[in-house]
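You will see chain A twice below: alongside chain B first, and alongside chain C after that.
Take a look at the complex of A and B:
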């Protein structure tokens, strides 16, 4: 094997993380794009999924103390369960968490749902940082087993494996979601998004539908967390689950097209592509730009978002009109 | 109070802040009637409709529909019992098509239950097909069939009023509360709409409607109830109400 796999591995990594963000975007699209529920705590459900999976599938981690200083605090876990079980547990945990938050919060007006969810996500992240016995604290959870362990380690093959399995999961999720949102059930969700009161006056228990959509969206974000854990093989609470993750997913769905699942995936690949691309360009950029290229990226995203909202507010792929036979 | 009424409102009250919108209001609607509800702006007519339909919770009083007490029930359960209301300002579901708006109003569509999508796919398809056919019939009845696959937000004001009626009919109601059904509708269309309501009444449905157009009230209603300051101040045949001095003073004008 004499081919240069460095760039391909890098691209594989881009596709891997874009798949994770696509799953997040699909979850948010179900909640907001179809049902109008504005979740500002996406990172929190993502976190629950990632930690539950990591704890479920990772072998036992002993605390590492050198000279009285805790280097690795160790964490809950050591169950070494297969990834499928870890991912299912992640979905159940995130889905239940979403339902628990939604039961009181969905009775509030829309803006309060956003406040409740963003606060919840930050509380979870602070717990993850401080609850060392469970989460490993700021050190996080290392040594997460990959989907397939290659001996000797082969980064290129690992990336290909993740892209293949993660891509298959993403495709399956897309098909199931399309079936659901294009059904009579999905029609009720879209009706609630347009006018909740009118939908209730047409005989629909809006609260129940909102709860279902929010919990399912949460479960999907949990699945994204599970995929993230085995894509990176290491999770830590400070960066990966910061509010910026939530904001990125908003941008992905708005850019791609709210109420369009293919649009959400396209948005994830585009927006994460800009982030990844700016990292790649760093080495090629002139020296004086090297330190600022990340900030230029954020400025470009901001300008693009403003232009998009001005000239194509429905996103790149707009929600289609359902002409019924 | 007559025992044979289909809808009975008893001492219903509702205040918003310091304003007593509905003040111990008592009235009854008889089966297979077209009953008008008139009164000056702010008399509490729309508020009363919203209370009856379950959208507002009354501060006091009782509401009986077909022998069952319905005050305090959520709106979706009241619809299931056979009482539907339309909105004064159309509440069309903007990004749904006209046909989707109407199909959505069907009461028992198995595909609206998430689990059924996966465990009873054949029944879901059968139900949906049947309700779409029924919705098309209703669209033809309300002269909206040419617009079936247009977004509801593209309709004119008058067409949105028709859509309100079409959705109400889709739930197969025993009684329909119509909040200004012909306001903003051109004269020909308004006459057609009232003809349709008359035909549906002959088919056994009851209509209770708020209307400011006195031609509609006087020529189309069997009974008229007059509200003023949250209370019923008069009721009777259109001609009797028209001649009532209390009504003339508070609403119709000298």
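Take a look at the complex of A and C:
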């Protein structure tokens, strides 16, 4: 393959994953940026979406045993459903999961919600790692079919396809969310975030609105998981759904500006760009520094979190405050 | 108490009484002690029953639970102190534990000194580190709600964890301590001086020392007052700034000790603290947020439930029962389920005080009411949540 296509494929891959993170950031922005619900279990809803999609759309996979060693364990699946169905199932599953955790936890203070959700996400990850017959265990789910199967496998075309379809989904999601948060419904969400008691005094059932926003945000994270599954064509539980993913999404939304959907997408592209850039740098660096660069990258995310929360909590694109008309 | 001759002796008695005030038991303390003894007796009876039913070997899980529990207690006390006084969930706590373990490792392995010295050095270093954290970061986030400092603490945690990875590599380490064999009691049940005795003793001594600090020193009283009501504490003239620095120092020192103990019973590695962080949060929530006494109880519940669920999970893992794969791996999830149960039924924790402004109906009652198809006026007028 020519070198420039290789670079373009690489960039296409960056845009693909950045799109996935943008969807995650939009989901978190709806929960935190607009409604003030601090979700620390983003990775869990992401995991549910990815696994549901992968199980729904993957053709039947037999356990692959080489010399008595199970290389690819069999797992639940073999339904070969189209991606659209898989993504819808993922959204429903994640949304229901979010509602399930939210029903008790939303009544509590923000930090209780954070602890309850992160614990829930870890439980899900423990199950994903250990429930081999369903999830493939630590090996995960390989052989997920791509959005469009090119007969001589062409990574460049696959990346372009994903960017086109994923980008369209992201744009549609952005438009829908923008419409929703500017509707009276979105106004109630912001009112709850700014002053819950006052909103309830106006006769709004704050709990119901919070539940709706949280479940919807969870469903959006499920959609991100679905996109992630078909972007990578392979999911495994230990790295992709670790709490670090949650922290990355926080940084993205805080960098971009909480309460601003375009800001969330900008933040996702910036922060994932930094991660991607550090991976590119890793190949250029001397061998003994490669791992160090990886760790320094995460340290930079930590420093960014602290500096932003200290000095610019409103992010790059601040929320537009509309005057009352 | 009339007359000059008796007043002197009365004075003396009073002085004697005040000197031994720490040992005098009020009716409330006596009641709680009684309750604790009853619970302990029930627990012992339960253990005896288990031992009688399944053989004494099963008690090794109880021992493991006490071991994990006492480490979680030390950590949970420190975490809940910051939670109570600074009002946020410190997500860097697990990594502070790791940092403490590595400081001790540095002293122990590369300084070639006894681990006890490592304990002391790590205790002091982490205490100072906690004060620096408050000075540099968390002081500036006061009055910004619970989420802003939480996010900052995640940042601190990421920096510590990956800083350790970058400098000390991801290698696993062991402390250089004299190897002591297990003392076998019965086959399958052994007693280990370091693992079983030292951790329990240190956990117990930290509990007692924190109790003394909180109950019988001015600093401790100021801490309790600050945790209870910051504005009122300020108005009474308590130097809340000093209290905060002290709380950070104590909390982080406790983190270092918990980290070292964790390194002693397992290995020292960069993710060791973060892996148990959620367990510690579970202990804090089960016991009641911001209450160090609740944290003690929560730590015990969490540690015991995690380890004692192992035989149950093993039983579930048998092919004729459910055939759960990798059954024992789920033991880490058990405390979380307990935590979620506590959040559902008693969000203020087992030992915590029910806040006066807590919503009167909780999920289960609400569900029961929905099933009965009734909505009381209290529920309709009810305020939501515990407030910001």
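List of remarks:
Methods note: the second predicted complex is superposed on the first by the 295 of 325 C-alpha atoms of A that agree within 3 Å, B and C clash if a C-alpha of one lies under 4 Å from a C-alpha of the other, contacts with A are read in each partner's own complex, and residues count from 1 in each chain.
Keep this in mind: a contact is a pair of C-beta atoms (placed from the backbone, for glycine too) under 8 Å apart; a residue touches a chain by one contact, two chains touch by 3 or more.
Just so it is clear, the model here is predicted, and its values are computed rather than measured.
Of the two partner chains placed by superposition, only chain B is touched by A:194; chain C is not. Once chain A of one complex is fitted onto chain A of the other, the partner contacts of A:116 are limited to chain C, with no touch recorded for chain B. Chain A has more of its residues touched by C than by the other of chain B and chain C. Residue contacts after overlaying the shared chain place A:172 against neither chain B nor chain C. In the superposition on chain A, A:305 makes contact with chain C only, while chain B stays out of contact range.
In the superposition on chain A, A:164 contacts neither chain B nor chain C. In the superposition on chain A, A:254 makes contact with chain C only, not with chain B. Of the two partner chains placed around the shared chain by superposition, chain C is the only one that A:107 touches, whereas chain B remains out of contact. In the superposition on chain A, the residues of chain A contacting both chain B and chain C are 197, 200, 206. Residues 38, 103-112, 114-116, 118-120, 122-123, 126-127, 129-133, 137, 196-197, 200, 206-207, 243-244, 247, 250, 254, 291-292, 295-296, 298-299, 301-306, 309-310, 313 of chain A touch chain C in their complex.
On chain B, the positions that touch chain A within their shared complex are 53, 55, 74-76, 79-80, 84-85, 87, 91-97, 99-100, 103-105, 107, 109-114, 117, 124, 127-128, 132, 148-149, 151, 167, 171.
Those residues of chain C that touch chain A in the complex are listed here as 88-89, 137, 140-141, 144-148, 150-152, 154-159, 161-163, 165-166, 169-170, 274, 278, 281-282, 285, 289, 325-326, 329-330, 332-333, 336-337, 339-340, 343-344, 347, 359, 362-363, 383-388. Taken in their complex, chain A has these residues touching chain B: 179-180, 183-185, 187-188, 190-191, 193-195, 197-206, 212, 259, 319, 321-325.
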